[in-house]
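Next up: the structures, one after another.
The two complexes that follow have subunit A in common; it is paired with subunit B in the first and with subunit C in the second.
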Partner chain A sequence: MWDWRFTFLLLTSTLISYIGGYYLNNTNNDNYRKAIMRLFIFLSLSILLYFKYFNFFIESAISLLNSFGLETNQHTLEIILPVGISFYTFHGISYIMDIYYRRINPHNDIVAYSLFVAYFPLLVAGPIERASHLLPQLDIKRNFNLEVIKPALSLMFWGFFKKLVIADSAGMIVDDVFSNYQNFSSYSLIFGSILFTFQIYADFSGYSDIARGVSKLFGIELLLNFNFPYFAKNMQDFWSRWHISLSSFLNDYVFIPIALKFRDFGKRGIYIAVFFTFLISGIWHGAGWAFIFWGILHAIFYLPQFIFSNKKLKSLVVKTNTSTYGFNDFVNSTEVFLLVTLALIFFRLPGISDGFNFILEITKNWDRFSLNEIARTTTHIIVLTKSILGILIVFILEFILFKNNLQIENLLTKIWHYLCIAFLIFLLGSFENATQFIYFQF
Partner chain B sequence: MKNKILIALVFFYFFQFAIAYCLDYLFLKSKIYKSAVIFSSTDLLKEKDIIIMGGSNGLVSYETSLLENNIKKKVYNLSEDDTNIQIHLLQLKLLLKKEITPETIILNIGSLGSNLSRNVLRYLPILGKNHDFDMLFQKHQTFNYYMYRIFPILKWGMYNNDLLYPLAFNIIKSNRYKHRFNEDGEYTYPNLKSSILSDDYEFIELNNENETLNEFKILCLENNINLIIVNTPYYKKKIKWNNSDNKVKNYSTLYANKPEYFYDNLHLNKIGKKEYTKQFIYENFSLNK
Partner chain C sequence: MVNYDDLNAIFRDVFENEHITIDAASKASDFEEWDSLNHIYLVVAIEKFYKIKFTTQQIQVWTCVEDIVNDIIKLKG
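Right, the complex of A and B next:
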């Protein structure tokens, strides 16, 4: 939610990281620097913890005590989650960490620094920018250039297409299936889950594309956040392509430090680091056990390729070669896609028990099959057709880009390309079902 | 270069007008929604003695053939789901403009909201062509009104689910596609095996002094149309009228103990529809008394 009073929260968060950076730079004593880094990260995180996780911890503690037979009074606070808090907190943390690791010097200009923390295209749903990447761009003088309009428009049109054609159309069917999953057959539940996997990709990557396009208009390059994740050949490849700004952030600031800490434990130390990184990824997404379980599931899916092989895990995110994509790779991508879909069931539903119930319903209702379940009205048929058409268009184009190691701004370059996309949005967009971006809640 | 862009922009601006005009024209020639029926089936409606109006209650509660056979009058159901008194009044004005003055109007009222109901979008093809609709839409959705007047193609894009694709279906089905109604304008909810009825009792208060309802009554009076205001049966919901002039036929509690007559708490099913139509004929038309 947004409220003008949250401006002070944004200001406080900005000042904490700015002052932290200043003090880090004023000393060369390693122990002292480490203590400053920990203190200011703790201060930054405490705001996030209070606003995002306070009630979750209290409720969890109460239910734990109740399960032991100890009666407690439920006492939580009515805390509103401020918009963008997860993203601007991580911006601040990235600044402190980059100065601590001496990747950048502290910024003298507090206005430019504040712009980095609260840069509007990515404030509400990312990508999570690195201080070392974005801050230098804010320092240089930027002139408006007609040449940047083309790639900017490509990204924005493509983002709108994904959001309005796929995400908002699929969302109507997905909402139906997930909110009444007890009433659907196994086939419909599987279809609904797969559709949600496409919906969340279109929604989130669509936002990232729009944010990158808008930013390009200002002459600022944002990090690539999605790089055709559903063509990933394994889970490590998937995490190198999905929400890249978060996974690389977690790799640099969580996985590597933990892996170094536990290096004496050999492979087990690496597994602990993977587990904690995905746990934190789950917690970052939301204050709920379902998100935590989603993170744990990803750790479980991620680890086998290293446990059962001699491959060394040096980084959480390693991309594979795209030019040699054959049938075996397609089978592997399908396997990754299905694992991601399975984990997303828990991401989509409010509780872990709902997730298990959903899976139980899938196993139970194979005997009844009716297309009318999902396509029950004319509007549902239209919306379903639109989302399937949208998915086909996006994935055929993205496969071409993936195979040729290109991005959408390299493909859509002519005015008639934009007109075609605009026409397709007009024809296939679901404006009436338009919902806010899924990642706004984080 | 600048001139070329300017020419292209002007071309596209007028092109979108032309496309929207063609779509509006095709829509008003169709029978997709009741809004289109008023324009495309004017002659048919002129022949009707009784026109039923209302929201979804009106749409699903009357068996037209039963009414016609018993009272020997021609009936058409002009009710539309998800509409309220604002749209019903607009429909009446459109009928009068087309010189359609039935002997009787049965107006089914479920709510008297002052807001425009969602399905006003079904009237967007007449935007700019009918003063009454323009006034109504401008009053409630000022921004959209100007946006759709300046860029009429936007209404077709914005509501492509409800306007553009049904129109495309209609063209594919040789002008036979109708959205949830038959030749007589009615729709029937099935008799469900498992009930979706809620047992929570609810009172709905309606005010007879409603400005729009009064305008509706006056227009009927001025045009010698006999107006019957009706509340159709509900399950576990009771409508109470404030300032009632006792002219309203309130059947909201008629089948309070007959769950088998209902599809849900607000709508009759196939059995309930037949029983209610019989009861309605018995109470309002003297032929079979």
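Right, the complex of A and C next:
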């Protein structure tokens, strides 16, 4: 949610990380630096913890006490989640950590630093930028360049197409299926959960494309956040392609420090690091046990290839040769897609028990099949047609890009391409059902 | 002194690539194999070979092979 008073929160968070960076640079004593780093990370995280997780902790503690027979009154606070808090907090943390690890020097210009933390295209839903990547771009003088307009617009049009044609159309069907899952057949539940997997990709990668395109107009390049994740050949490959800015943040500041800490435990040390990385990923996504369970599920999907292999771990990390992608790779990608879909059921529903009930309903209702369940009104038929058509267009084009190792901005350089996409957006876009981006809530 | 041939043998073993040759300026981006997981294996292999223990902070600031060599010399005395 947005309220002008939250600008003070943004200002506080910005000042904490900026001052932290300043003090870190003022000493060479390792113990003192470690203490400063921990203090300022704690201060940054405490704002996030209070606004995002306070009620979750209270409610979880109360239900734990109640389960032991201890009656307590529930006193939660009316705390509103400020928009973008997870993203700008992580910007500040990456700045402190990179100065602590001496990868960057503190920035002298507090105005440029504030722009890095609160840069508007990525403030509400990322990508999570790194100080070492974005700050140098803010320091240099940029001149208006007509040449960047074409790739910038192509990214924005592509993002709007994904959001308005696929995500918002699919969202209507998905909301229907997930909110009344007890009333649908197994076929419709499977269809609805697969459609949600497409919806969340179109929604979130669509937002990232728009953010990257808008930023490009100002001559500022943002990090690539999605790299054709549904063509991934295994879960390791998937996580190197999905929400890349968060994955690389967690890799650098969670996985590597934990793996180094437990390096004498051999493979077990890596398992511990993988587990905690996904656990924190789940917690980052939301204050709820369902998000935590989603994170744990991904750790479970990620680890078996390590545990049951005699090979060194590294040889399991796919070096993707996109041009030779064939039928076997397609089978592997389908397997990854279905695992991601299974985990997303818990991501979409409010509680873990809802997720299990949804899966239980899938196993129960194979006997009744009716197309009318989902396409029961003319509106439903129209949005369903739009979303399926949109998915086909996006995935055929993305497959061509993936095979040729290209990004969308490399392909759409002629103006008529924009006009075609603009026409398709207006023709197929779901303006009457327009919804907020899913990742705004994080 | 740190022998670069010894270090090179460790890199070749960890990266499973007999064709690589490292020098003082070599850095992670020079080798496809030098990802975060291999970085950890590299640390373990170097520590085992030289019978030393790096701190996490030392490891995190390495930018090239020369940084690794300097820390080995520091720890070996």
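Quick note on the criterion: the second predicted complex is superposed on the first by the 432 of 442 C-alpha atoms of A that agree within 3 Å, B and C clash if a C-alpha of one lies under 4 Å from a C-alpha of the other, contacts with A are read in each partner's own complex, and residues count from 1 in each chain.
Quick note on the criterion: a contact is a pair of C-beta atoms (placed from the backbone, for glycine too) under 8 Å apart; a residue touches a chain by one contact, two chains touch by 3 or more.
Since the model is a prediction, treat every value here as computed from it, not as a measurement.
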*Using the touch definition from the top, say if A:D30 reaches subunit B (first), subunit C (second), both or neither.*
second
*Look at A:I270 in the shared chain and tell me whether it touches subunit B only, subunit C only, both, or neither; answer first, second, both or neither.*
second
*Using the superposition on chain A described above, determine whether A:P257 touches subunit B (first), subunit C (second), both, or neither.*
second
*With the two complexes superposed on chain A, say which partner A:A170 touches: subunit B (first), subunit C (second), both, or neither.*
neither
*Is A:A125 touching the first partner subunit B, the second partner subunit C, both, or neither of them?*
neither
*Partner contacting more residues of subunit A (subunit B vs subunit C)*: C
*Which partner does A:T379 contact after superposing on A: first (subunit B), second (subunit C), both, neither?*
first
*asked:* Output check: A:A232 vs subunit B and subunit C. Expected answer is one of first, second, both, neither. What do you get?
replied: neither
*May I ask you to decide whether A:Y101 touches subunit B, subunit C, both, or neither, giving the answer as first, second, both or neither?*
second
*Can you list the residues of subunit A that touch subunit B in one structure and subunit C in the other?*
none
*Using the touch rule from the top, collect the residues of subunit A that touch subunit C in their complex.*
30, 34, 100-103, 251-252, 255-257, 259-261, 263-264, 270, 312-315, 317, 319
_List of subunit A residues in touch with subunit B within their complex_ = 378-379, 382-383, 425-433
*Contact set on subunit C toward subunit A in their complex*: 16, 32-33, 35-41, 43-44, 55-57, 59-61
*Can you name the residues of subunit B that touch subunit A in the complex?*
153, 156-162, 164-166, 169, 179
